Structure formats: C-alpha cells, structure tokens
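Both complexes shown next keep chain A, but they swap its partner, so chain B is in the first and chain C is in the second.
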Partner chain A sequence: MLVTWRYRLRNGLMEKFDPRARWIFSLAFLFAVTMFWDARFLLFFFIIAFAWYFSSRAKWKETRRGWYLIGFILFMMIVINTIITGGGAGGVVPPGGHLVWPQGGTFPLFDWHFHFGLTWERLWFAICQVLRIGGISAIFLIIPYTMDPRVYGVTFRGLGLPDRFAYSMELAFRYVPTLARDFGTTLDAQRARGYEIERVKGGIVKQIIRIAPLIVPVTMNSILTGEDVTNAMDLRCFGTRPRTWLNKLTFHWQDYALIGFSIFMLVGAVIAIYGFHIGNFWVPYFWLKLAE
Partner chain B sequence: MNESPLTIENLTFQYHRRFEPAIENITFSLQAGQVMLIAGSSGCGKTTLMRCINGLIPHTYQGAMSGSICLFGKSVTGMGLADISQTVGTLLQDPERQILGSYVLNEVAFGLESLGIPRDEITPRVEKALDRLGILHLRDRETFGTSGGEKQKIALAGVLAMEPKILLLDEPLASLDPASAQEALQAFRQLADEGIAVMIVEHRVEDVLSIHPDVFMYLDEGKMVYLGDTDGLMDVVDYRRIKLPARVVLERARQDPAPVFVPAAKSHSGEDAELLRFEGVHFQYNENDPEVLKGLNFSVNAGDVIAILGHNGSGKTTMVKHALGLLKPTKGRVLLEGHETRKMTVAQAAHTVGYVFQSPSQMLFAATVHEELSFGPKNLGFPVDTIDKNVNWAIDTVNLKSEMDMPPLALSFGQQKRISIAAILAMRSRILMMDEPTAGQDYWNYQAFMDAILQMPGFDAVIFITHDVDLAVIYANRILLVYSGEIVADGKPQEVLKDEKLLRSCRVLPTSLLKLNMEYLPRTGRFFRAETLAHIQS
Partner chain C sequence: MQKKSWKFGTREVVYSAIGAALYAVLSLATNWIQLPSAGNVSFRPAIVIPLFFGVVFGPIVGFIAGFLGNIISDLIAGYGLWFWWDLGNGIIGLVPGLIAVWMTTYKATKDIVWAEVFSVIGVLVGMGVASVSEMWVSGADINTVIFANFIPAIVPDLINGLILLPILLIAYAAIVKRSGR
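Let's look at the complex of A and B:
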C-alpha cells in the first residue's frame, strides 16, 4: 500500500494558495534562480525562498531529515567538487584568480609541501552555490509537508497534464515515503537475523554484495507494489474514459497575485540576464581585498 | 428470460511458461443472490479462476485459455477490463494491495472517478457504500491509519460504490481478527440478500459456513472435485486438508488413528528459567501519537508456548518487536535473559530471540534457499558444520527440502512463508516468535509445520501472534489476551478462553473447537485438537 508524506494542516500563509499557483511559483523560482550567479540577486532569491518556507509554519523537527540530506549533498558539491577539485566552478569562474595559498603549504609532522590551486574567486562561488541551492531546497522541500495528498493528482491535471500522467505524478510523489517505510521494515527483518549494516566493510563490490539483503527485498517489494497498484487501478476502470477528479480546485485573488509575481520574477530574470547582461558571476571588491 | 450473472463452461487456463494447466474443465453457474464458497489447498487454482472471471486473465496475466465465461449471457471475450469491472467487483486478499487513495473518501470514489461519473453524484454514492458497511464515520480518515478490519471494509466499499452485480472475494478473512471476520461475512451475506452474486475463495471454511453459503466448490490441483451444497461437502472433503467444524472432524476422525503430538519445550525452574521480562512497558511511536502499549508487565519462561490474541491494531506486533529490541520502550524496560534490550544491539538479541516477520517478501533476498537459510546463522558467527546441520534441520521442518537450490523469490507465497520461518529456525534461538505464522497458508501445511516446529527440540519458548483461535487452542499452553495496548488476561488456555464475555469484548470469538474442548475439559483437563478428542472415551 502506498503511503503519503506526513501532512497536517498548519493554517500557514502558504496553505492559503491554490496548489497549482504554488507549483507555478516554485517552478518559476527554479528557472529564474538558475539563471544567476551574482550573489546580490541570489541573496534576493534566497530571502524570498526562506520567507516562503517560514510562511508554512513547518517545524524544524518535521523537516530536519530533509535538511540533513540537503546539507550532505551541499557539502559534497561545495567541499569536494568546488573547493578541492574546482570542477563545479568550471565555465562560471574565470580561469586564474587570486590564490588563497600562493606560496603553497606544508603538512605539519610530515613536512610535505603542497600546491593548492584554491582561489578566492572559487570560495566566493561556493558561497553563491549555498545561496542558490539553499533557496531552491527551501522552496521544494516544503511541498510534501504542506500539500494535502488528496490534491496531488488534480493539481497536475489542473496544470494541463493528461489524466494518466497526473495520476502517475501522484503515485510518484507517494512512492518516496513508501520506499522509506519498506526500507525500514526490511532493515528490521534483516537485523532480526543478526545483520548489522554498520559492519558492512570491504571493497565496493563486496559492499554491494553485503547490502543485497536490504536492496533485493526492497526492490522486489517495489515491483510487487507496482503490479498491485496496476491491477487495482485496472480493476476499477482507470484510464478507460476521461476522469472526474473528486477534489475541485478554484483560483482566488491571492492565487492570481502569486502567479503574477511568478511571471514577473521569471520575465524579470530573463530581461536582466539577456537584455541587460547583469546577474552573471561577480566577486565583490572587499572579498578580493582579502586576497591581498 | 433472466440470464445467470455468471456462467462458466469447460474453462481451462495454463499460464505462459508453465507445463500444466492451473485450472481444468471448470463448469458452473452462479445465480443472483447466491453465496458460493470455493475452497482447496494452496495452488489448487482458486485465484486463477477469479482472475479469469474479473478479466485480469488474459488482460494482465498471459497464457492459453479455452472454454467460455459469460456475464449475464454475454461472453467476456473481446470485453475490456473496464467493461468487466463494471459488472464484476473484486476484493483482493490483502486490502493493502488494493487501496489506492490516501483518504477514505478518495479511495472509495476512485472507480467512480475513473468512470467519469459527475462530481456531484460521486459523493452520495460513496457515502451510500460506506453507510452500507457501517463505516460512514471513517469518510474523512487517512486510509493508512485505519485498522486491518477497517481497511477491508474500505476496500469493499470502493468496489460496492461501482455497483457490481457479481462480487469476487479472494481470501477476504486472511488478515482479520475473529470479530472483524464475522462482521465482514455478515456484510457479504447481506449483499447477496440484496441480489448480488457473491463468490468467496477462503481457507477459513468453517467461518464462512456460518453465513450458510448456497453453493460450495472444492478444487484440487486445478480440477473441480465437488460442486454442490454444503451438506455434501462434509462427506467429500478430507478433514485434514480443509478445516471443517470440530464436531464433523470429531465424528470422521474416530475411524482414523489418533494423532501423536508431543511438544518439545519443557518447563524448568532455576536461574535461567526466565527468558524475557516486560516491566511497565509503555510505547508510543511519536510524542503526539496515542500510546500503543500501556504499561505491560509479564515474563516468558522456559517451556512457554504463548499465543498472543487480540484485535487488529491492539499492539501485538509492537509488543513482540520490543522483545528483540527493534523498538525500545518510551517508559519501562524489557529484559532479555536479564539484560536490558536498550543496552543491546538487535544482532545480540537475535542470539536469544528468533523473530519471523509477517510478510516473507520483506526479508527474502538470496539466490538459493540454502543461502537464504545460512544467512542468519552466518551473521551470528556459527561454525560452518553447525550452519549446514541447522539449515538441513530447518528445511526438513518446513517440508521444502526439494526446493533447496531454488531461488526463494521464485517460490509460491505459501512456500516463501515457510522459507521465512525456516530462515529463523536455522538460527536456533532460545525463543521463537512468529507473527501470524499461518496467514495465507492452507490448513494441511500450517498444521504440518506447526506440529514440526513444536515437536522439535531446541526452543525453550515459542510465542506466536494469531487471529486463529484454534491455533491457540491446539498449540499454546499459555494465552496473552491483548486489548488496546493492555494485557487483559494471561494464563492457561482453559482459563483464559473459558470467559466468553471477555473474549468477545476483545473481538475474539469462540470457535466450534473451543466449544467442544470446553465440553470435554472436565475429562481431559486441557485442550486438544478434534482428532485427539475423537479418541477420548465419552
């Protein structure tokens, strides 16, 4: 059985908007923010994102797992991909720049000398990444906690997707918490057989083999659930005629205002980038002064 | 002329890549207002027959089909699944596999939405279906949070809202507590009385007999062995294969030798006699949620064979998960061989407690049955020769030695269930805990492996959760009766199960075997299976 995210009505400002308007706003935000690498613009988007996030009244305790995951991904992207290897900054940060350690350095105890090509520009880029990904995360992370599962499907239908695709989106949304539940159950069942995931060691192949007791049942259950869902839908005539959606959505003035703001934000971003050529990667003067 | 809702002639079906037909030359018709009960052991073709009628065969499951199926005189050949579904409603074995909606209203409305019924007509039809089953109060509840019995009714309401003329019910009682099962059966009878043709596939024959089915079909290896009224079935059916009322078994078993059953677990006193102790255990999943366990106090001693009985959602599974440390009490403590589970890993606890989960698909993963059964003992660090010995013993116990080199996931559900039990048996823990060990098993198989498990030396105590009161009557020497997170009775079966009022208040209903045992109790002093009672002088 597919489960849903733990939703409860919080009467936050966010919940006063139609879910279609919220999706339009979220997608417009995503497309707009991904055009910029200028921290001044990114800061503007960051503030909007977190103002939106806090309007939900969701508590830290509810969303912290999501934030831990995002924190881990950000850490991997920024520390490894941007700061250590510099790969993530390619194409945005101009080559050259001001080295943080122009003379290189020496490892204490070992006395090994190293040259590290980290620049102040790359460090600033890392800050931009935090603002950008942090903002996007705040906008999208909050959706499952604040959207009534009863309107998942009809929302996508209302956004113009066909019935089948709209219902598939609903099922896909519910698949994530279902997978988490199945994983937890299988982990318990294998722990009851003396299995300890903490003791999975060895090379990559050995590790994959060692986690098979978790991966195989979870995968098989997902396949079986998929088959069950298909049968259950077939037995109740799904997809044979145009569908009536029981829940009805209606736009109100605040929804039109939000959609208007979303269009303004997206169009403004396009004009800024392509019309005025502003919003590209920029490093403030005070930051470069630090390099001296 | 009124056509029969369902007419089947010479129906044969063979699944793609199988060498034998799953069903062969099935012929019968079902009239409006009739209840038909179909029984047979696992793999006899019951589910295949249902799939042929509801259109999943050939639309979803492929194979070679011959013969004819007609709905109100019209052949289903060439009909789409949607057309069939408007006449034939199907309730699958596990309601969890059928429920799609996240809320009850949406779930019950799903079929009507698919048919494109106008929105203002949907809600009244949903409410009518819910009201018909007495669950209108659940209308705005989340489906996930409802009990097993409620889920069953919600799934049924979803089918009834589409106003089918034929209702197919695939083992509808499998996950229900006795009272919920009885309520469901009454609802099926009422639907038949209202003119729907009802077809029930069920292992729990005795339960279904309480609503007086009009027609009984007995299938064996895909062939129809019997079709007729329920009186005739008592003569043709082997009482060892299908669970019949205890008095019928009593009469028929007199001619056969008495069964020999000697439980292995022996009680003893001494320091190590107490294996497990719950001390004031409270538990809640989240601080805002209601308590699931409310101050449990009991201990498990060597020699105990404990049946845990209680209604759906009473906290039985939550309770046994505490014994292994999978859940930790929010208040109180659980001691396993004197050590607090809060300070142990689950792997350490697994040396003492072997726990068989309810669903085998949650744990089976290996390429062969042998590898699957070796997994637990290997994790516990057993030497290789001990592992082999344990694996062979475990596979013999569940009677699946011939499948040793097969992938467990390729076996039938019933076989997978037995493999999951064998996987825990191979760990040779001191306490064996089983959650619904007989669910989805036919009578013959579950008696065989319960007999084997309880007669094999090796376990100091056995605990099983069950909705099958007869399982408790036959095998347990102690009963824990649980109601809403509290133990309301703890004692010998003859002490706990004699209080019918208490049982009913816990949604547990007395069976014919229990009643028969209560009659014999002054002479026997304890409970026995009907086959044994048949050889006790009256």
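Let's look at the complex of A and C:
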C-alpha cells in the first residue's frame, strides 16, 4: 500500500507565509464567515478564499477528488435542505416568502396535483450556502497540498499546544509510512495463506469480521513496537525539559501582515454583526422581482 | 501500578501517535475494500481504532487517535480539513476512554460489555457534535442534520465498532498476558 502526502513545493505565494500565520488566517476566516448570511459579505469572503486558494498554484487534477466530495455534500445539502424539506434553513430564512410555483403543479401522466413550498427566498439562501461553504472549502481543502507534514508539530507547538501533544502529532505523521508498510506486509502475508479480502459472499457482519485478520495483527504489532519506543524515549529522559525542534519557524513581515489582516477580518465581522446589526440574511430586490 | 484516566506521560504520547497513524492508515486502506452488501454506504472499519485505544489507554489517547487520525486521513486523501468532524472523531475515542481505569482483563464479559456500551455513547455523542456543527457551518436545518449527516454517520460506525472492538480486546488480552505489561 502506497501512502503519499499531497504536499509538494509549488513556489506559490501561499508558501511564503509561516504555517502558524496561515492557520491563524484560516481559523479567523472560518469564524468570520460563519457569522454572515448576507450574500454581499459572503461574496467578499468567497473572493478572498479563492484568491488565497489560487495563490497556492495547486492544479485542478490534484485537488479535484476533494472538490468532487465537497460538490456532492453541497448538492445533497441544497437538494435536501432547500428543495425537498424546506425546513426553514436553520431558522435563517424567515417563514413565508414568495412561492416559486404559487399555483402548484400537475404530474402529466397521472394528473396528480401537487403543492410545492419552495420559495425564492430559500433559493437565494441556497446561493448563500454555495458562497459560504465554497469559501470555507477553498481555505481548508488547500492545506494538505501546501503545508509540509514535517512542520505540523512545531507549528502547533508555536500556536500554544503543549510540548507533549505537539510531539505526539509529530510522531503520528512520522509513523504513517511505517504503519502503511506494515499493513501492506500483513495483507501480502495473509493473501499468501489464502486470505481473500475481495470475497463477496456473506452479509455485512461476515464482511466486517473478514477484515479482522488484517486489523488485528497490524494493531497488535504496533502496540508491541510502541512499548519499545516508550522505553527508548524514557531512557532519553523525554519530557523532563522543553523540547527543541528540528525545523525552526520564524515570523517575517508578510506573516505579521497576514495575522493583522486576520484580526481585522474577525474584529470587523464581530462589529458588523453585533455593532451595526448588518450581515444577516438578505434577499436582493431584483431576485424578488422574479417572483412577480 | 495504578491506572490514571487523564495521565499523559511518555507511554500516552507514543500510543496517541500510534493510534492516530493507525486510524489514518487503516481508514485509507479500507477505503478500497468493497463491502458489496453495504451498497453505497461508506464503511470505515478503522473506526474501531479510536474506540480500542480509548478503552485500553485512556480518554486522552482515544481522543488524539480519533481527532488526529481523522485529520491525517483527510490530509492524505486530499479532502481538506473539517475541524468539527475531526473533533467528533476525537470524542468517539474519548468517551470509551472514560472506562479505561476499570478495565481488568479486557476479555471478561463485563469488560467487553462496558466497552461496547461506552463505545455506543461515544459514537452517538461524537457524531452528534459533528452533525450539529453543520447547522452552524452550513446552515443546515435539524432534519438535514439528522437524516443526511447523523444517521449515515452513526450506523456504519456502530456496526463496525461493535463487531471489531471485542475481537481487538481479546487479542490485546492475550498480548498483556504473554508480555506481562
């Protein structure tokens, strides 16, 4: 089994920023954008998100798998939320509104009359959902493609995570290729003994139990290895004083600028929503004119 | 030596990392294993890893195995980062970890039953938190959250977790007995 990280150096503008500054920006963006349902504000965030996304220089063929998943989730949400259930969209869209089919409709073959409660306001809400979720997705989808897995530990240590947690994170990233290799070896060994993972006979329970000969040896083997690693770390006095890290991170002027912008964005969002009471769900006049 | 629920020493650091890496690798590895009887439902047998690491090594190890393992798995698969779903996976490992101090032999019926009960609670709470977050992030209504997020998430997790957890606990009991650890 081949496990490869999605990261590779692309020399994009995004990579010029310190990973800590990028996390602060991403989280500030998430908290800021989730305060709004006004499409004008959401469009602003959407543009920022995709400007950020394209600064990575990641190609479509690299990221398309993630986008397909997001597209599927978004489609399901909008179809169920807006078209089928119309459940008030989490209390955002006011009740009532302008019906898309005020007279209802008739199934041509059976002559069944139906009343469909879809409103223009809910359709506009669906557009807002696309802008909001699309923006959030662009910010977070690009992280694995542009952030070196070797710096996750030191990054989160720099963001205030305790040493032990950050080290655990670092260790986990380093274990992945080893465990993937162990899994491949176990799979090959079991197959050599006549194990058939692809056998389709049996119900769900049998299918799941059939996976046990793979999961059990890999898990138990890694637990035994873990004891040795623990002993080795204890013998080297792990945790008795603050750690030093192989990769050092240093803030530069562009990182301070990004952090400043992140704070401005978040504080601005809070002031807009709680100070000026703007940014809540809003439907433009031209859209409601379509209902007439 | 007496067990402590919330201890996070060297052993816990190592097993958190192993649990997370294992959860990530097995999630990715079992993605390509087709379960024809399950239709289009996404099955993830690896969900047993945070449950198992929680029950055996405690709540912090269980939490990190689920939380970090889900992050790594998504990073490798290229799905980006979805904090609330990562948190939900962390809770799945944390809740069964609450009974780690009461575990005795791991293969006794009582131990297995309690592990299963807390695993069910962990899956319900973890996926509940993750699903409800969609109301805040995506503006989904409660019906969508229940039928499009919560139920499709808990059903495969419960089936996989409840079947595979006793198998892993019995295997672990044999290792404990043999190694005397």
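Simple rule for what comes next: the second predicted complex is superposed on the first by the 211 of 292 C-alpha atoms of A that agree within 3 Å, B and C clash if a C-alpha of one lies under 4 Å from a C-alpha of the other, contacts with A are read in each partner's own complex, and residues count from 1 in each chain.
Here, a residue touches a chain if its C-beta (ideal position, glycine included) is under 8 Å from a C-beta of that chain, and two chains touch if they have at least 3 such contacts.
Computed from a prediction, not measured in an experiment: that's the story for all the values here.
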Using the touch definition from the top, say if A:Gln207 reaches chain B (first), chain C (second), both or neither. second
With the two structures laid over each other on chain A, which partner does A:Thr34 touch: chain B (first), chain C (second), both, or neither? second
Have a look at where A:Val216 lands relative to chain B and chain C in the superposition and call it first, second, both or neither. both
Determine, under the contact definition given at the top, whether A:Thr240 touches first (chain B), second (chain C), both, or neither. first
Does the superposition put A:Pro149 against chain B (first), chain C (second), both, or neither? both
I'd like to know which partner A:Lys248 touches here: chain B for first, chain C for second, both or neither. first
Which partner, chain B or chain C, is in contact with more residues of chain A? C
Return first, second, both or neither, reflecting whether A:Ser55 touches chain B, chain C, both chains, or no partner chain. neither
Touching A:Asp188 in the superposition: chain B (first), chain C (second), both, neither? first
Which of the two partners, first being chain B and second being chain C, lies in contact with A:Leu224: first, second, both, or neither? both
Identify the residues of chain A that lie in both the chain B contact region and the chain C contact region. 1, 3-4, 149, 174, 212, 214-216, 220, 224, 229-230, 233-234, 238-239
Using the touch rule from the top, collect the residues of chain A that touch chain B in their complex. 1-4, 149-150, 174, 182, 185-186, 188-196, 212-217, 220-221, 224, 228-248
Chain A-facing residues of chain C, complex: 8-11, 13-18, 20-22, 24-26, 28-30, 33-38, 43, 45-46, 48-49, 52, 64, 68-69, 72, 74-83, 134-144, 147-148, 159-160, 163-164, 167-168, 171-172, 175, 179, 181
For the complex, which residues does chain A have touching chain C? 1, 3-6, 30, 34, 37, 62-63, 65-66, 69-70, 76-77, 80-81, 85, 87-92, 125, 128-129, 132-133, 136-137, 140-145, 149, 164-165, 167-176, 178-180, 183, 187, 197-198, 200, 202-205, 207-209, 211-212, 214-216, 218-220, 222-227, 229-230, 233-234, 238-239
Contact set on chain B toward chain A in their complex: 54-56, 59-60, 80-82, 85-86, 90, 92, 96-100, 102-103, 105-106, 109-119, 122-123, 142-144, 158-159, 162, 321, 324, 326, 345-347, 350-351, 353-355, 357, 361-365, 375-376, 379-380, 409, 423-424, 427
